[in-house]
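Next, two complexes with subunit A in common: one pairs it with subunit B, the other with subunit C.
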Partner chain A sequence: MAVESLSDTLWDVVICGTGLSQSLLALSLSRSGKNILHIDPNEYYGGAEAAFSLQEAEKWAASVSTPEAQAPSLFKSASITKPENVEDLSFPRAYSLALAPQLIYARSELLSQLVSSRAYRQVDFLAVGSFFIVKSPSAPSEPRTLVRIPSTREDVFSTSAISVKAKRGLMKFLKFVVDFDNPENSEKWKPHAQNPLFEFLQDQFKMDTELQTYIITLTLSLDGRIETKEGLAIIHRHLSSMGVYGPGFAAIYPKWGGISEIAQVSCRAGAVGGAVYMLGTGIKGTSAADDGMELELTSGDKVKTRMLVRGYEDGTRDAGISRLVAVIGSPLKFLFEAVVEGAPIPGVAIVAFPAGSLTTAAGNASASPVYVFAHSSDTGECPTGQSVLYLTAPATPDSKELLDKALEFFLSSVGETPVPQSLYHVYYEQYAGMTPPASGTDDLAISFPAPSFSLSFDDTTLDPVRGVWKRVMGETAIETDYMAFPDREGAADDDIYD
Partner chain B sequence: MADQGGSQHGIARTSRARTDEQRTLDLERIQKYHLLEEEIRSHVSQHNYTPHVFQLTSKLLKLNPEYYTIWNVRRRLLIYGLFSKPSAGSLPSTASPTSSPTATTTTSSAACSSSLSTATPPAPGPQTAGRSGTTADDNNNTEETHGAAEEGNQQNDLNIIKTELGFTIPLLLESPKCYWIWSYRLWILQQAIDRLPVLVARRIWEEELGLASKMLTKDRRNFHAWGYRRHVVEQLESSQLGGKSMAESEFEYTTRMISQDLSNFSAWHSRSKLIPRLLDERKADDAAREMLLNEEFGLICRAINVGPEDQSLWYYHRSLMLNLVGFVGHPTITPAFSRDDRVTYVVREIEGIKELLEDYDDVKLIYEALIDYTLYLCQLLGRQPDVTEKQAMTEWLAMLKKLDPMRNGRWNDLERDCGLLNGGRRPKVVSIDVGQGQGQGE
Partner chain C sequence: MADSANAPKPSSSVKLVLLGEAAVGKSSLVLRFVNNDFQENKEPTIGAAFLTQKCNLPTRTIKFEIWDTAGQERFASLAPMYYRNAQAALVVYDLTKPTSLVKAKHWVAELQRQASPGIVIALVGNKLDLTNDGAGSGAAESGDDSGDARKITTEEAKTYAEEEGLLFFETSAKTGYNVTEVFTAIANAIPETSLKSARGPGASHAAGRTEEQRVNLNGPRDPNAKEGCAC
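Here is the complex of A and B:
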């Protein structure tokens, strides 16, 4: 059979970029029989949600830092640091550092789609375990301690960190949140929907600062000022996700690099479904053509397509995050204990420095929380005996310093002697994308919004994918078939009667 | 699709709709099943207890573990074939009750044993020296050959027991509530006590305890599983398995279970039953007893503090309160308490529960407890409720009528019985056997 060249085919859609949205689109179209060409200017899958070996990280950091006067990108100020006299660093490919280490709540729509599309079979998931607060010491000479945040009734019962009366308040709140949508409870919060959640907790539930911190941390609010309506919905999701996939955990995390793994698996499904994949290929230019558009690729090929879908690469300079990825030369075992009998060993733990608990050298207190996502080697992101920390704070002039401080204090609070060493640092800033220009129904070129840097997967990311799928499928789109596929190979029945 | 009628602690049963293709397949399967059943029945009626029939029972039981007659056939196959026979002048072994099963079935067994002595049983596992029956009847009964034969027999029986226990596991995973499988498993476990040396049998029962724990991890509130666990623990504690009391470890087990799920009637119940034994074994003096009582009150109050709507917690609290006030003729934690001691505790508990009302004003179990415990207090003091107490009880009853209007009949009766209504009818005596304190050191 003669292989058609790229230029001979009238592609139904060319997808540019293998970030999560584009990859999920490929997955959604993997049984459609459409002619799909999926390209990515990078030499790796995952785009802004990729996972890197150390070599790839260094290459990426260099590319992000080139002071070219180009359009603003999503990432800025990337740098790699290797502390001196470090010998424990393993070979580069032993690491898979994630740009998007988001946790996925059990009740997330993403998981439903992965299940119904059968793509979940290709992904290994780990449980996300405990949430901790770093408690500031009562005296400066005292060490900082980690306090587990209780989120179930039995947690609240067992903890000695909360007073008897405060426990009652916390239980009342948890019961309220589980049913926060019913008419009676709605009356209580709706008047405060846009106010900060911590104010609501203080006024309506008489919670002290410490309890407020527990609840705010559970929302993973980046600036600590999440609004009441959004905050209650997130806590509700946390509580209703608890125990869904097994006792003792509410969220899961894909092995080998978080969201990047989901993107890779989705592209694989796209390829099995007949899509053509080309890495290291971007779009040099576009022009109108009959039946659609003509694209000139960086490979020199000129292809015709009915539709073009791409991600949005420009970032605003306004709202962003600072992130520090640190490889640690210790397994930090105590963070990854299963607290409930019969629960799996978690691969991820969350630690938060509450707002105000860190101070810069100049004396400025942190205005927002700093989150530390700790990953054990079970995630496949580092070799055994080591662990990876992902520290996040809103991007401010102080944020890099605060992240370094947080790392230092965290390592000294884990109670190990000698204090665990960090072996490798990647620092960068990530920005929100500008809202892409709205594409009318006649537009043949569609852009996905830039990826969210929310610390837990935000289901609203999925809506544009569905929208584009509908556009591509046109009149043949059957809503109930979206991301719903049968298994490819027939499952063999074991007949015990023979 | 979840079956509406069947829910096992929230785990739904599944049922499937059948297509025509499935219907044909089902008919074939039914046919095969009947043939298998016929074959076994015909063998049994001809008293052919052979290894082949044993394999057939395995097949049939996998298809239908509820077919208890076939479990009995299997038992017979083991007793008359695969298990070793006790030798004529056998050394006193642990195998005392072995004779009883045979005795009850002598009528059919006579014919069985004749056909069995000619058959060579296949090894379910590797069989060492000492075939069933034949060797033991040898007349070359030196001590040595006897000892060797005995050991061989035990190895044979151990293998069979292990295989049979393993056989039931996949069946239990599929049909965890089938009584017949459990009954067979327990019978096999009893065979271990009867036939094997104490240490070997003990190991098997210890593994069984592990299984019971695993089941309770999966379904913490299954009272069958708790009952099974108690039975296993009882055996492990018995002299037949060279055991001693496991009250301490079982007590600790209930602590673990409760901390994972406060709402566990069976765990709290086990705990209350273990405490008296525990105190006796520790030879606890009065101070130690009081300390334990304090710890238990502390534990249950911390639990009620986060789960006041949970009835299992209030039941346990009540059992502790009855320990204080209703101790006549019952084992009690603190027999040496004076009446004043008891009053102190009851008052303390009532005040503690009142604190809950600061935050939980709509939980009816709190109001019920307050009323009942106020009455206990009055009984203890040998007097009627005073004005303040009557006032409080009236308010609590008003809340109960508001929160639970369906039971207004009961609340009204209670109101009358406590003498709270105008007209001052003499209140009924609350029916608990309240003793007066021993007045020690008073």
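Here is the complex of A and C:
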């Protein structure tokens, strides 16, 4: 590509926003030889999937702090609190807090694309370890305890946490899920496909409430009422991902902020492929032009492009999730133990408070589970000796209080004295994306949906990206070329000792 | 091929980013270091380029993952992505161009503000062959009547580098003078602790396998892995 000025170039695609979808698109198109201008109105990469230092987090939180949006945003009600004694907090830049941490199952199509595009070489992945539930005590005076969920047949076999009868039920269920799609098993679940999974477990497998919560937790269902069909598919994904990249784990997490890191790596690869990047630059106006459309950028530049791709930038206010990110002054070591011989030390552990296990001061029981993703300092998200907790629950008038409660109970259930302290909190609410308003150039302007709330990466996110790639490549699109690129010079000679 | 009969030396990767004004010779320094080559009319970098090169130290091997960024202003937005999590940065200026040192100082300030706290920064004055100190014949060909195109004294840059705690070198990508030295000095300056995954007692025996906890997507992926059980 020749070096020309922004406005002299006819861009094949202008991409606005640097979240995962847009960044993967930039990677795929630029490396397929298209002329890409990639801009972002924010001063940081990653959009709604960014990872922030404490300084950046504060700046961001201030911009989305009110319940009613000042500017279009998927976020609202953000607030930051620093409990009294914050001496233990390190440099602001020693932290990289992820806005939307998601674990990625080994069987995810995202990983296949990162491998075939060779972008994976720039990402460090850590294993996601055990899933736990916080068990409420039988007597109110006793402490809550963490119970590890046995999620493989070996695990079920060796656990001492459940009765022999329960073991048999669980074994039977895991065996069923492995082949849940065969005709015989389908017959069993299809009539209940749209009913809640927990009912199916109760009716068909005679599981008690506790065993049901084990299974529901593995699905990471936000409201705890996942449908049978979807739930079985997720448990199946969990089991079939186990061991794919090594013993003892089913999912992985990219170091330095999860999905945010993948978005950045994609932009870097896009830049190596020739895409031009501008931060702090958004789109002020669009109009039709001869070869496509003309965009007026907030920088004052006018650029011509054949197509514009952006994301849903404004949130609806009816469905959302509440998130609480807490930096903890303890490494919470026992959460990050490899439980299988030869397994890597996990950087992420998952803990759930089952629905109903928390109560507000006003006496309202939690209608949904609260999930706690615990990240060790190996993720690069906090300094050694600390850890980061990411708590999530559906947004309700009670959710902030429930998340605070969950944090407090979690810290006192980990069995450390003194009870580990929380050094820094970021609370915020995230909403679903609203379809952007129509403009006169709709056939040339495409919008990607806002990131899903899912706590594990949702492969359907990738479909619109592939769709746009195909459309831009037009007649020359060869499906098998999508995201298939050779290594860059020198990158392939992996760690061979000279 | 191992040149010693003993166990292989520990090997670790170091992410390094090059920053500096357009045309100061960033890509040329990398080309010299990686391929021991020089191109008289090198194309400006578009976006960025990625290369790797190993550096053998007496006690360990460092694999540099080098991000060579474009110096042109219109690519400036890229820089944060490259210096993020970088363990080393090479900030380059052109000894014959005063504005390039001003730009270099901007980059150093930005790195100190935004990059990882422990980043090792080297300040490099390039195109030494165009000055009287040029180790080689460049000065005569530079077209400058005095034979010395130097506009930035060694003293000025060196004093600044010392104040800011930077490594400092004057180089010529053209003759190769001091180029390997820059990278070796950086490799030596990276603290041993930042090479190991600091993982507490249990892992200390594994000093020689610094990346063992990383999940390798290209490893012996087991296509038949299924059902998460060993039955």
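Descriptive notes on the structure:
In this section, the second predicted complex is superposed on the first by the 471 of 498 C-alpha atoms of A that agree within 3 Å, B and C clash if a C-alpha of one lies under 4 Å from a C-alpha of the other, contacts with A are read in each partner's own complex, and residues count from 1 in each chain.
The rule is short, and it goes like this: contacts are C-beta pairs under 8 Å (C-beta built on N, C-alpha and C of every residue); 3 or more make two chains touch, one makes a residue touch a chain.
Owing to the predicted nature of the structure, the values given are computational and were not obtained by experimental measurement.
Taken together in the superposed arrangement on subunit A, subunit B and subunit C fit without clashing. When the shared chain is aligned, subunit B comes close enough to touch A:E341, but subunit C does not. Once the two structures are overlaid, the count of subunit A residues touched is higher for C than for its counterpart among subunit B and subunit C.
When the two structures are aligned on the shared chain, A:L6 is found in touch with subunit C, with no touch to subunit B.
Contacts of A:A484 after superposition on the shared chain: neither subunit B nor subunit C is touched.
Looking at the shared chain after the overlay, A:K167 reaches subunit B, while subunit C stays out of its contact range.
By the document's definition of touching, both partners, subunit B and subunit C, reach A:E154. Contacts of A:M473 after superposition: neither subunit B nor subunit C is touched. Rounded to the nearest 10, the angle at the Cα centre of subunit A between the centres of subunit B and subunit C is 80 degrees. Taken over all C-alpha pairs, subunit B and subunit C come no nearer than 5 Å in the superposed arrangement. Subunit A residues in contact with subunit B (one complex) as well as with subunit C (other complex) are 153-154, 497.
Interface of subunit A with subunit C (complex): residues 1, 3, 6, 44-45, 91, 93-94, 111, 114-115, 120, 122, 124-127, 151-154, 174, 178, 238-246, 249-250, 252, 256, 264, 267-268, 270-280, 331, 333, 344-345, 347, 377-378, 380, 384, 488-491, 493-495, 497-498. For subunit A in complex with subunit B, the residues that touch the partner chain are 153-154, 156-158, 164-165, 167-169, 171-172, 340-342, 496-497. Within the complex formed with subunit A, the residues of subunit B that make contact are 28-29, 32-33, 62-63, 217-218, 256, 259-262, 302-303, 305-307, 356, 358-360.
Those residues of subunit C lying in contact with subunit A across their complex are 1-3, 8-9, 11, 13, 34, 44, 46-54, 56, 61, 63, 65, 67, 72, 74-75, 77-78, 80-82, 84-85, 114-117, 197-200, 202-203, 211-219, 221-222, 225-231.
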